[in-house]
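Heads up, there are several structures right after this.
Both complexes shown next keep subunit A, but they swap its partner, so subunit B is in the first and subunit C is in the second.
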Partner chain A sequence: MKFSYYPGCTLHSTAVEYDLSARAVCKTLGIELVDIPGWACCGATSAHSVNELLAYALPAHTITSATESAIAAPCAACYNRLRYTDVNLREDAHLRAEVEKALGRPYRAGVAVRHLLDIIANDVPADEIQAKLAGTLGGVKVVCYYGCLLTRPRDVAAFDDMEEPRAMDRLMELCGAEVLDWPRRVVCCGAAFSLSRTDVVYHMTGKILASALKAGADAVVVACPMCQSNLDLRQPAILKKLDLEGRIPAVYFTQLLGLCMGHSRNELGFGKIMVDTSPLIQKINSGRAETAAPAEG
Partner chain B sequence: MIRLNRTPKSSAAIARMEEHLGHPLSQCYQCGKCSAGCPAAYTMDEPPNRVIRFLQLGLYDRVLEQNSYWVCSSCETCTARCPRNVEVKEIMELLRHDAYRRGLTSGERAVFVFHKTFLKTVKWFGRLYEPGLIMLNNLLSGHFFKDFAAVPGMLLKGKLKLFPGRGADNAAVRRIFKYSREEAPRGEV
Partner chain C sequence: MARVGVFICWCGANIASTVDMEKVTEAAAKLPHVVYATNYKYMCSDPGQKTILDAALEHKLDGIVVAACSPRMHEPTFRAVAAEAGINPYRMQMANIREQCSWVHGDVDEATAKAVDAVRMMVARVAQSLALEPIKVPVTKRALVIGGGIAGIQAALDVADGGVETILVERTPSIGGKMAGLDETFPTLDCSQCILTPKMVDASRSELIKLYTYCEVEKVDGAVGNFKVTIRKKAKYVNTELCNGCGDCWHKCPYKKIPSEFDFGVGNRTAIYVPFPQAVPNIPVIDRETCVFFKTGKCRACEKFCLRGAIDFEQEDEFEEVEVGAIIVATGYDLLDHTQMGEFRYGAIPDVITGLQFERMSSASGPTEGKILRPSNGEEPKVVVFVHCVGSRDENYKEYCSKICCMYSAKHAVILKHRIHDAQAYLFYIDVRAGGKGYEEFWKRACVEEGAEYLRGRVSRVYDEGGKVIVEGQDTLSGEQVEVAADLVVLATAVVPAKGSEELARILGISTDKDGFFNEAHPKLRPVDTATGGIFLAGCCQAPKDIPESVAQGSAAASKTLGLLSKEDITREPTVAVVDPLICTGCWNCVNVCPFGAPEKSEITITVDGKKVTRAVSNINEAKCEGCGLCVATCPGNCIDQRGFSDDQVYAEIGGYLERVRAAKNSD
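Entry: the complex of A and B
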């Protein structure tokens, strides 16, 4: 499998561990990632909030610059903007003509825009992933957090159920985690308000963190750098405000997958997560030891 | 008491909105499911279903004065759950576009400034440059030292880059911004 790879801006900065782990896991699974020459920011929430043309033209530039027939986007926000662009430019000839004027070249329609989670969970057969696993997650308890942009709206982000997505749950079960049910898997974290209405992020992300702690999870598994940043970077302040004890690391699904494939924590950027991940790693290791012992006996 | 004063101008704005949405606003039967699921409704002047109700009554300017569309996080829960297939998030989006063009902050100056600053950094560098965004955003919003406490930790972890990244096709990005701005002349981006 070969994909044009669109890391998006955050994977080169605040979410560098997502980039590291995504590349490591793809390499192990034989998914070739080809960089897109000259890729630009997708415009994110700001572009679509204030200028429609800009919101379509920026992703259109990146899609048109892709050299392969499909794009793999690990960022849920980029993925959503690229999908929106592709769906709308294919349906609306007038909009497409306007965007092409802004680009100064024809839009390259027909490039499939895929989220990395969709590719790994739905394109790679489970037994092939299983064959690459060198270890398990030792039965650690996780909750899978999808956020909003990965699964909504139905006609744009169409690879999983809008209200009850399961792609990440299946992968984590495959890795030997105990996947807990919880009510906040598709609730918004407040994403773009991180710098402008930080109180909104505290409110929204606070509910997610409280719910994950209440479920008894050892980690929140994510597939979006915006979600991760809000859950991780803002966590100490949020939990203090909510008067909640404990810490819960927000880790990328690719980091846990990579860990089971035998990549080192360093390779997967575990040290770049702000919340201490060592209790989680210890639990995984002791869980592995426990499950290994009776199997040998 | 709500005074209904439909002006030709607000009627025209609503008609444009309906054309863009592809359905009349009367398609909404006010069940309130959008507001029930909206994670930002708690901080809105009016929740999404009431925004639509105001529009149904022709009170477009009044809706523009409320903060609801600026604090909508575009999470699409409303659109996803609407039993009448009303494009709720799109309504919020169209209100934002119009407000931005007119320079209306409606009590949410920080949100307005953030979008403006975010797009400036993208225009300059082709990609997001977080330190630049944080500094410029703080400068323009007047909260000079907001979030500075997080910076050293992030730098240590290699999560912030001191200098903007290279590699974006800057000429293409500038062209896109120039054209988009000309198409929306007052929507300075």
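Entry: the complex of A and C
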């Protein structure tokens, strides 16, 4: 399998650990990632809030620059913007003409835009993943958090159930985690309001963290750098405000997959996570030890 | 030469704003056969009709062309005018210059030219039209009602009241329908059972009503006035002659945990059961799917305990053919399945129920004897959220308004307060639709007197956490996101056509709308008829309706049925197929292709060279022919023609169009 890889801005900055772990896991699974030459920022929330043409032109530039027939995007927001652009440019000839004028070249329709979670969970057979696992997650309790952009809107991002997605849950079960049922899989974390309306993010991310703690999870597993940053970076202040005890690390699904595939924590960028992940690692290790088979940590 | 008059209608501005009336009139007057042409603002109105009558006499017309709307709209009107003017109604043709011309075109010149074409074609056709006489067929004075809910019961009672024998077919073991399961009814809060069960008893006692419960309509042949209906009588495994409904069998049935269909799973039933204690008839059936005897060959407890020997495991489905003159369809509704909806966690939360499940709980004769309880733990709920428009008015599911939900949700809130005084109801709504006598007052009562909290906004998601059902939504009046931790959530899910409606539509040959409801013949003027003669609609099978509307439509369908069956004969369209026996070779292609069994194998004796020869030929039974034209198109020898659509007429019509082409060529 070969994909054009679109890390997006965050994977080169605040979410380096997502980039590291995504590349490591893909390498192990034999998924070849080819960086898109000259890729641009997707425009994120800013572009579509101020300039519609720009919001389409930026993703269109990246899609058109892809050298492979499909793009793997690990960031949920990038993925959503790229999908949105592709769907709209294919349906709206007038818009497409405008965008092509801005690009100065024809739009390359027909490139499949895929999220990395979709590729790993749906393209790679479970037994192939299983075969690459050197260890398990030792039965640690996790909740899977997809965020709002990964599966919605229905007509744009449609690789899993819009309200009750399960792709990440399946992967984590495969890794030997105890995946808990919880009701916050797809609610919004507040996203980019983190900077302009921190109070909103405190409220929304607060609900997610409280719910994850209530469920008794040892970690929140994520697939979006924006969500991760809100859950991780803002966590101490939010939990203090909510008067809640405890800490819960927000880790990327690729980090946990990578851990089970035998990659070191350093390779997977565990050190980049603000909330202390060592209790989680300890639990994984003791869980592995308990499951009889002598497994290394 | 024929003497044809052409009458061109403005239809107010509908036609006249796009088609030049004077030009069409002028062109019409010059056509061969035309002796008179005029236009008028509303040709269908009284003065318009008089214009036609007067002209017919003055100009001794023997054919009429009315250029106006679709014949589906006013053909009967103008045929009647023709008859009154002494002209055979089948020598009246409508040129459709509205639906097929003015409404779909914008350019006046082009639309006018097209209207002239349409008139020219119809004049040519009328000149070739034969005078036809309607066919008279005797009427079967018996009616069939499909569906034993309130609409069907009302229809059956009213038809029987008019002295006509009625067959009432119901697929469940009892009549009563959804209404039999309801608690109190809005806006008066009278008990549903108290007002319905007497009608059920009336239906069962009426000498003119034959109840066919646990039966389904399998096949329908024939046409208006004379339908042949095959009814499947599902095996009850109970001899209805011997059974006295004592109840020993269902009390002794060891298999007691089968979710009851009548209770929408809120309560259980046994494998041999009556759906509810007031069932009519009060005779149980054995559900083959869940009966342990049918699964393992062991048990027969019911048989052992039945003192009257009424249990009969040997029964099989039976088929009975009945003849009726009219059919009333009253198959009712179901609710949209909310377990298919992700925003409610696909039915994974036990304390999220539907409005009908709430009804069964709050009904005094229901499985909880009127106690409203949380399905998860059997405790009394203190905070209950009612969600309006679940799947209705929602482009992801059903676009239409289900009409009854605003009112029954208000009723639920009132009942909740009456049963659990310290309970609080929250209702999420888009807007409250309370059109109906006493309806507005009722929901206000729920709001003001009974303390129900109305929140204007939609619910985004519902989930279970910490033993509560959390309802997240929006209050668009305060602009706030709201979150209610509820003990029970009641969904007002969309009203959808009853399961099996699509199949029944196919059996009956009636059409459905985009949502599967049966189509009425005209949305305003013929709301009870279907486009198929002799088949009428009542209740929710046509569109969502409340009880008074369903009853009204049941009565209306009954009155239509009585009107039809009061005649000795029914006149059928004479536009049937005819075989020319002199050229028919008896290949029987027509016999094979006809869905109505109209072509019959027959013989003809003719004299050839002085010798008598008998040949096998086809003959069309006019009483059975629906005039569909299949045999006409199929006949390899072109021996079949259709009256009113004869080759002569159709070719003349095409020729009328080709005149324009010819004229255009000549002018080149």
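By definition in this document, the second predicted complex is superposed on the first by the 292 of 297 C-alpha atoms of A that agree within 3 Å, B and C clash if a C-alpha of one lies under 4 Å from a C-alpha of the other, contacts with A are read in each partner's own complex, and residues count from 1 in each chain.
As a convention for this text, a contact is a pair of C-beta atoms (placed from the backbone, for glycine too) under 8 Å apart; a residue touches a chain by one contact, two chains touch by 3 or more.
Treat the numbers as computed from the prediction; the structure is a model and nothing was measured.
K.L.:
Do subunit B and subunit C fit side by side on subunit A after the overlay, or clash?
P.N.:
By the criteria stated at the top, subunit C and subunit B clash after superposition.
K.L.:
In the overlaid three-chain picture, which partner chain does A:Lys214 touch, first (subunit B) or second (subunit C), both, or neither?
P.N.:
second
K.L.:
With the two complexes superposed on chain A, say which partner A:Leu195 touches: subunit B (first), subunit C (second), both, or neither.
P.N.:
After superposition on chain A, A:Leu195 lies in contact with subunit B alone.
K.L.:
Of subunit B and subunit C, which one touches more residues of subunit A?
P.N.:
B
K.L.:
Considering only the touch criterion stated at the top, classify A:Val50 as touching first (subunit B), second (subunit C), both, or neither.
P.N.:
first
K.L.:
Once the structures are superposed on A, label A:Ala70 by its partner contacts, choosing first (subunit B), second (subunit C), both or neither.
P.N.:
neither
K.L.:
Figure out whether A:Val34 sits in contact with subunit B (first) or subunit C (second), or with both, or with neither.
P.N.:
Neither partner.
K.L.:
Applying the document's definition of touch, where does A:Leu244 land relative to subunit B and subunit C: first, second, both, or neither?
P.N.:
In the superposed model, A:Leu244 contacts neither subunit B nor subunit C.
K.L.:
Report for A:Leu180: first if it touches subunit B alone, second if subunit C alone, otherwise both or neither.
P.N.:
neither
K.L.:
Could you say whether A:Met162 touches subunit B, subunit C, both of them, or neither, answering first, second, both or neither?
P.N.:
both
K.L.:
Go through the superposed model and pick first if A:Met1 touches only subunit B, second if only subunit C, both, or neither.
P.N.:
Neither partner.
K.L.:
Show which residues of subunit A both subunit B and subunit C reach, each in its own complex.
P.N.:
Of subunit A, residues 154, 162-163, 187 contact subunit B in one complex and subunit C in the other.
K.L.:
Show which residues of subunit C lie in contact with subunit A when the two form their complex.
P.N.:
Interface residues on the subunit C side: 341-343, 345-346, 396, 461, 463-466, 470.
K.L.:
Show me the residue ranges of subunit B that touch subunit A in the complex, using the header's touch definition.
P.N.:
39-40, 42-43, 71, 73-77, 79-80, 89, 93, 96-97, 100, 108, 110-111, 113-116, 118-119, 122, 126-128, 130, 133-134, 137, 141, 146-147, 150, 153-154, 157-161, 165, 167-169, 172-173, 175-177, 179-181, 183-184, 187, 189
K.L.:
In the complex, go through subunit A and note every residue touching subunit C.
P.N.:
It comes out as residues 154, 161-164, 182-184, 187, 211, 214.
K.L.:
In their shared complex, at which residues does subunit A touch subunit B?
P.N.:
Residues 9-10, 12-16, 37-41, 43-54, 57-58, 61, 65, 98, 101-104, 148-149, 152-154, 162-163, 186-188, 190-193, 195-200, 203-204, 207, 233, 271-272, 274 of subunit A touch subunit B in their complex.
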